[in-house]
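Below is one structure, written out as structure tokens, with a few remarks after it.
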Amino acid sequence: MIDHLLSLIVFIPLLGAGVVLFLKPDQSAIIKGTTLFLNVVQLLACIILVILFQKQTDAASITTNFQFVEKYEWIRLNLGESLRFIIEYHIGVDGISLPLVVLSSFLMLVAIISSWNQSKQVKGYFVLYNILNASIVGCFVALDFFLFYLFFELMLLPMFFLIGIWGGPNRSYASVKFFLYTLLGSILILIVMIGLYLGVTQPGSTIHTFNIIHMMGTENFVQDSLLRPGAGGTIFGIAARYAAFLALFVGFAIKLPMVPVHTWLPDAHVEAPTAISVILAGLLLKVGGYGIVRIAYGIFPDAALNYAYLIAVFGVISIVYGGLNALAQRDLKRMIAYSSVSHMGFVLVGLGALTVEGVSGAVFHMVSHGLISGALFLIAGVIYDRTGDRLIDNYSGLAGKLPQYTFVVVFMFFASLGLPGLSGFIGEILVLMGAFDSASSNGLLPPWIGVVSTTGIIISAAYYLWATQRMFFGEYWVREASWESNMHDISKREWTMFIPIMLLVLILGVYPRFLLDFTDNTVNQFVNYVLEVGANLMGK
Amino acid sequence: MTYPHIIFFIILVLPLLGGLINFLAGARSGPWIATAALLLSSILSVFLLKLTVDLPSVLRFTWLPGIEIGWRLDRISVSLIALVSFISMLIHLFSIHYMKDDPGIKRYFAKLGFFTFSMLGVLGADHLLLLFVFWELVGFSSYLLIGFWYKNEGVPYAARIAFITNRIADAGFLIGIILIMVNSGTGFISELQSIDQTGWWVGAAGIGLVLGAFGKSAQVPFFTWLPRAMAGPTPVSALIHAATMVAAGVYLLIRTSVIMPPALVSTVAIAGALTAFIGAFSALAQTDIKKVLAYSTVSQLGYMVMGVGVGATDMALFHLWTHAFFKAGLFLSAGAIIHYFHKHFHSIDGQDMRNMGNLKSVMPVTQFSYLVCMLSLAGLPFFSGFLSKDGILLKSLEWSALAGPWAFIVPVLGFFTVGLTAYYMGKQALVVFYGKNRMETELVKDKEDFLTVRLPLIILAIGSLGLFYSFNPFVHHFQILDFWFGHQIPLSFSMGWLAPAISIPLAVGGLFVAFRSYRPERSFTYRDYVARGHYRKWSMHALYLDQFYHESMVKAFNMISEIIYGLDRRFIDPVLNWLGMSFVVFSKLMDLVDKLIVDKLVEFVAYISKLGGDFLRLFHGRRVQLHIFWAVLGTILILLWINNFM
Amino acid sequence: MSIDPVYGLGLSAFLFSMGLLVIIIKRNAIFVLIGIELILNAANLNFVVFSSADPANTGQLFGVFSVVLAAAEAAIALAILLNIFKFYKSTDLHQLNRLKY
Amino acid sequence: MDLKETLSGILADLEVLTSELILISGSVLLLIAGLTRFGRQTKLLVGALVVSALFLLDNVSGRYFNDFLILDPVAVFLKYIFLFTTAGILLFDRKKHLSEFYFLVIAVLVGSMFMVSVTNLLLIYISIELTSYAAYLLTGIDNNQKSSEAAFKYLLFGGVSSALMLYGISLIYGSTLSLNLEELQWEATSAGGLILLFAGLLFKTSVVPFHIWTPGTYQAAPTDAVTYFSIVPKLAGFGLIYHVINAVDPVFQNEITILIGSLSIITILWGTFGAILQKNAKRLISYGAIAHSGFLLPLVFVDYGGGIDAFGYYALIYAVMNLGIFYFLHVAENELGDNLKITDFSGLGGQNGIIGASVVVILVSLIGLPPTAGFTAKLVMFTSVWMEFKTDQLMIWLALFVMGLLSSVVSLYFYFRIPYYFFLKQDAGRKVKFPVKNVWVTTIFALSLLYLFIQGDILDNFVVMFDPIDHQNK
Amino acid sequence: MMLIDIVFYTFFLLAALAAVGILITKNVIHAAFYLVVCLISLAGLYVLFDATYLAVVQLLVYAGGVIVLLAFGIMITNRSDGQLLSSSHLLLPGILAFGGVLVLFTIFTVKFSPGIPVNPDSDQVQQMGIVFMTDYLLAFELIAYLLLVVLVGASYLAKSSQS
């Protein structure tokens, strides 16, 4: 059972989807019960995974660093005698993907609780929900590019319907926009996938493969392939490998949301139901970040080095642009969405720095942002469930009426703006140290990047405090008198959502090595891999 | 985990625990538990002082992979820990009386405990990053405490401004820390001497540290938040905005002045002097009792920073020590007065000095402790304030001789401020306690509760006497400094006598002028005192610095809502000018770009595909003969194309 | 019997074009059918002309098949025409526009 | 020439055609059964016919009836697809004109079976005419106003294009004096003749410029007939193009490749952009079918080894997809009435979630997104185009690659309008519940598409039967 | 040899004029008549090109069968008022198609290098008969099946249109 643990974690939700499919629509209690139970089982499996995961492996390089690897031949197709290719069901987990898997399983559990009183078409909702769960976890564990792409696309459909059917007023516009943006990204990734699999063969045979690890090895490339390192192939003028990296990067940056391609996020969040925007902010954005680390940086380290500065600049723009936009928003949820854009800018700066602190900061920030932004959207959900309105200016002085809610909001707002002692601060401090350190150690980023990203913490303080002041302090006043009736404080169900997240944020803030011990070894190898292999590939 | 460190952790955690237990316990017994916890922690800190006298104990642990941080308990930090916990205990005691009938008392004591915990953390931390963690927590707890009465108008705004100003300064501080950690390899304060100070980053790091210190200790560019912070409860102002938090900035400068380049140190000196002068000047025309004390705190902090700037770090620390006592005393007496007015004359504004008078008849003990602390602040001999302030002034005189022609401004400002301080403190004492009662109704006789009110006042008053430190006021060498900085060879100033010779006449003169214009029989004129006249208005509004910030940065935050709301409805308003406007416009422009360009792109694609659709309808019309024609035409074209190859 | 085949081919090209012209211009369905017959005959003529040069005479054989097929096509066309007449009460191609979008 | 010996040779060749003969005689039986009371069991009879034809179809290849009939694995594979599709048609529930309908369906089937296995000019013409005439009759069989009008238009268009083909054949015959394509020399009249021959072929496979008839006919003809037109004759047409090209292959020039490449690009774009505006559901799917012919055409043209395998792969998945989507439209028509607007679907998602989900899977497959077989088909197609581009460096292949990708993205826009209305739009009154049988059949189609994706290689050993027929050098 | 040329030219002109006649006339019945004239002249041409068998088949099938069919069609569909439909619509596309096709086909015909005509064998009929039954057997059977299909289909459609 142990060596099939990962497959178990991926396929439990699919089992859930199957079971829910056969239940009758009106048995909503049983539907929710099974989904909750299976998700708890999945979380337990993740915990076992964490226990058995060896922090310090004696692996030589990033490519042999994976644990719990499962590899079975899945599809073997041959197109004429010159092209035979094989697709494998190849999954595994290492220091970078383990935290994200555990995070996704945890947030999925929280989101189930938050969508507990979902009454509209419950059966359809939870079938799609389970499929979404499986595809997200699948993305984090897949080591075969085709399998990764399959899960990457499989994520798209449930999200489209979940936003489209159960969303807010003009949900159809938001879901279509979300779908088109992410699909454009995945087309870019598809092109590179085709280019890669045509170029890469299994070591010692002529069978083409989708295996990411083989793609990382420079010796597996076929002689005449366009993307072979050092072959100097060019498309429309720029080097093929660089063009491929850019395509991959843009594809994943749309998911990350980097600034110029982020406009789908606020609309999607505003329209999505609470539980779904928790998952959207908590997990889908991380798939983008993980994709950049695992695939874009992994397969094209030379291009990563070449464009590190550009990536960091875009990261900084995201930080400042996201912050400023959050400052100008009237809707609480839209403000939180733009704050996510700003926080993901930090991840980009961390990845651009390519120092050990920078990358481990980026990974840590992804996990902490997942928790914090999940909680923030639950907060927006709480006020939305009570009054159906999220405009900041419609409320004032809530602290008096809802003291517990105010405590949670202040806790989460300060966690998000990076108050030390909470996890947001650790991510930011590591990324900033990475940014400043890279100026001296690998010379990729100039110091001004670090300075400008530090201003990010000021802007985030500004919009969070301003929102708190307008909504929570001063005399108690709400726009419609009708809201008075259900202005009750946080219910027991909502507390069960907030307590675990707040505990985790506090623990990760006070003792971050609880998470960093897992990622430290892999990040070291990853940074060495990218710097060494990238440098000599560029040199060639 | 050495033995001293266990005790330190107990001291550290006790206030936090006290706060939590009180939060859970009832409104009656909760505050006492919290105060008891503080008492215990102050006793323990004295005991810890004895332990770490001979050798400082260091504890280090890896917090983040590759980054090692730690605590260091040397004489200075432990003595300050003792000071903070002692004063915090007194404040807790006083708060029991002051906050007796306030509904949020449990929340108040929890926040106070959290503040003390984070302040002790700042003092104990050795690594800059760990210091920064507690530094931010202190800022956060001050935000909570200032905004305690969040219902009153203006309070939440004051809290937000305080936090954001601190946050801006802390951003610079963070950059400084990271530069040091990254470039020098170590972030430990104790190892700062050993790092080589070549390289561009040392200057920048220095500026960062100074920025952080100035933000927290309310120096010139950043001091506007302190008067506004008076909106919080008075014991809070006493503890945080007088004794402890604001001193943290000075503590940081003292610890890290080692690595700062000389040019930076001299600018610090000038800034300190300037702050001292501006603080004193602004305190002249204030009518609110707490505002006067707030500006005086700003002025005294200016002295300390000046002390560090001129190289008298030992004197600056000593002034910090003494200032904690008498300023806390002054604030607590002001608190007692406000509480008295709040209890008996509910309608009248308890903080406005204009309707006070002859309070000595009603509150003898408060009047006594106020008088002692006031004299110590004014800097009369035989009082602790005189000793520390004169040390700084003496060093500034000596420093100005060496530092060059323009340096004389520092001592001049310093001495001039002594006079101003004496004047406004004298005025306040006379107006509040002596003269006739300015209110219509008669003063109610009410005996203050001994334990919670009188005891703290008395203790603080005694603390501000100069006896503990040295009998002879004119000697410039004190055992306490030896205790802190190790044995010092007494400097033989040639002009050792010059500083007291100038400062004592100035102080007495100031008091005399105050007496002359506000002596008991003429004090009735103060009733309708309005700041007319040019210099009074400037003083009343603290050089309009606050208004200036308000207009540019602070108001920008408020204006954001109106402007953006305006922008949302119509195009950018020609009214925009000021720096603040570009800040807002830029963020709104981003939003517009978001709406205009990117969304239009989606519609454009749909339009083009529609155009293609219409074009096709032309072909797939209804008349089949037309279809036949197009097909035949297609074939003809293909044939022609093939022909020219044949 | 030496007739220059070019004339035959010329005639077939002419007949083909005339047939096409009739099909496109005429509004009456019967005319269009006649047009189709014409162009099929033109193709037939071509076969005959070419088979004169072929000893195995396969062209002529193809012609036979093509005539039979043309007849079959005419039969189907008329059957469908009857149906159309039942619904539209006329053979005017302009009225055949029920197939809107 | 000894008469007796040739006759015995012909008799020997006959048993190669056993499945076709069974079908023809069976269809006659069908007619007779139609008259008697066995009328109700016609479907059963047709099913038996198809199954027996399947068994008798053996994977033999060679040249029979002195080069009139040429069988090769491609032809056999396509025949398998045709028989599967005919079985698929039986699933559609039809009430009127039962026996005549299936008689004509079998006629089209036989015609297509011959189309894929001949390269003799005469037989090409006859088999195309047979398929076309049966198709015209099928279109007009439900003699309501719209279908007879569509039949007449279809006939006119078909008549002209077959006349053009006939003229082309006469020119080819003129230049080579023989009906065998392999003897074709590459010079003026025969080149013109070949192009005109292609006119007839392009008509059958609805490729630009001979595709204009498709939307009108697909909209008006009965849905099960339309399903049949969109699969069997079209794939047969591609099979025929493949054989014709292989026959004249040695004289082939790059210009013809560029011509066919640009034709397929125009077809793809025409189908994609035409579909965007459509309001009628069947017209929308017909434009989609045009786009798919644009994808199929280059595959028969790619001359590197794997090309025809990719064609076989794509053809089978195309058949399953079309059967699925047209079956759904057929079911929807029975419930919602004729002339199906896309907006008529709004609000159905509520009660019948399962059929909605399976329609989504089929549409996703038509678009070519991963979890369905459509993605592997497109992947295989793009790979072959890429490999072809690498071998002969013609820019047309790169253009085709890019245009194909672009149209896949745009195709998402119009294909997803159906589920968009199905799920996202609310409709006030109408309570529509699809009968369970239809729901199950649609789900089977959807599941088979998912299964084909997951178990990609079962197709592999099917497709591996191809070893491209060895070109006899002239 | 003059006689042969005269006969050829008469048939040639007859066919061409008949085609023009079909184009010009608005009356369907005249058009049918012109078609008959054209078919007969073509049959004559076939004889001249030694395709006597085909000429006979042409006369029988076409002149006999198809024209009769057309006649029935005309009689059924020609309504009593005999209003003649104006012919000139889609003139421009027609002209364009006509010109294009004419030019192209003449190009092909001109480029075509005709083979040397072979004098005919003794009797084609017997030779054709054998060929039908041996080499072209498959085509023969297929055309038979096709005719059956058309017979059934057309009659079914025609019957249902009457009911």
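Per-chain numbering from 1; labels A, B, C, D and E assigned in written order.
Here, contacts are C-beta pairs under 8 Å (C-beta built on N, C-alpha and C of every residue); 3 or more make two chains touch, one makes a residue touch a chain.
What you are looking at is a predicted structure, and each value in this text was computed from that prediction instead of being measured.
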item	value
Intersection of contact partners for chain C and chain E	B, D
Graph separation of chain C and chain D (steps between touching chains)	1
Chain whose average C-alpha position is farthest from chain E's own	B
Closest chain to global C-alpha mean, per-chain Cα centroids	A
Maximum centroid distance from chain D, chain identifier (CA atoms)	B
Chain pair with the greatest number of C-beta contact pairs	C-E
Centroid spacing, where centroids are CA-atom means, of chain B and chain E in whole angstrom	107
Centroid spacing, where centroids are CA-atom means, of chain A and chain C in whole angstrom	68
Chain B-chain D separation of Cα centroids, rounded to whole Å	81
Inter-centroid spacing, chain B versus chain A (mean Cα positions, whole Å)	39
Chain D, residues touching no fewer than two other chains	122, 126, 129, 133, 137, 140, 143, 152-153, 156, 160, 167, 171, 174, 177, 188, 192, 216, 413
Contacts with two or more other chains, residues of chain E listed in rising order	90, 93-94, 97, 101, 104-105, 107-108, 112, 115, 136, 139, 143, 146, 150, 153-154, 157, 160-161
Multi-partner residues of chain A (each touching 2 or more other chains)	180
Interchain contacts (touch definition) - all pairs	A-B, A-D, B-C, B-D, B-E, C-D, C-E, D-E
Of chain C, residues touching chain E in the complex	1-22, 24-31, 33-35, 37-38, 41, 44-45, 48-49, 51-57, 59-61, 63-65, 67-72, 74-76, 78-83, 85-86, 89-92, 94
Residue ranges of chain B in contact with chain C within the complex	617, 622-625, 628-629, 632
Chain D to chain B touching residues, read off their complex	152-153, 156-157, 160-161, 164, 187-188, 191-192, 195-196, 199, 203, 208-210, 212-213, 215-216, 253, 255, 259, 269-270, 273-274, 276-277, 410, 413
Contact set on chain E toward chain C in their complex	4-5, 8, 12, 15-16, 19-20, 22-23, 28, 31-32, 35, 38-39, 42, 45-46, 48-51, 53-54, 57-58, 61-62, 65-66, 69-70, 72-74, 76-77, 79, 85-91, 93-95, 97-99, 101-102, 105-106, 108-110, 112, 114-119, 121, 124, 127-128, 131-132, 136, 139, 143, 146-147, 150-151, 153-155, 157-158, 160-162
Interfacial residue positions of chain D with respect to chain A in the complex	304-307, 309-310, 349-350, 353, 360, 364, 369-371, 376, 379-380, 382-384, 386-387, 390, 405, 408-409, 412-413, 416, 420, 423-425, 454-457, 460, 464
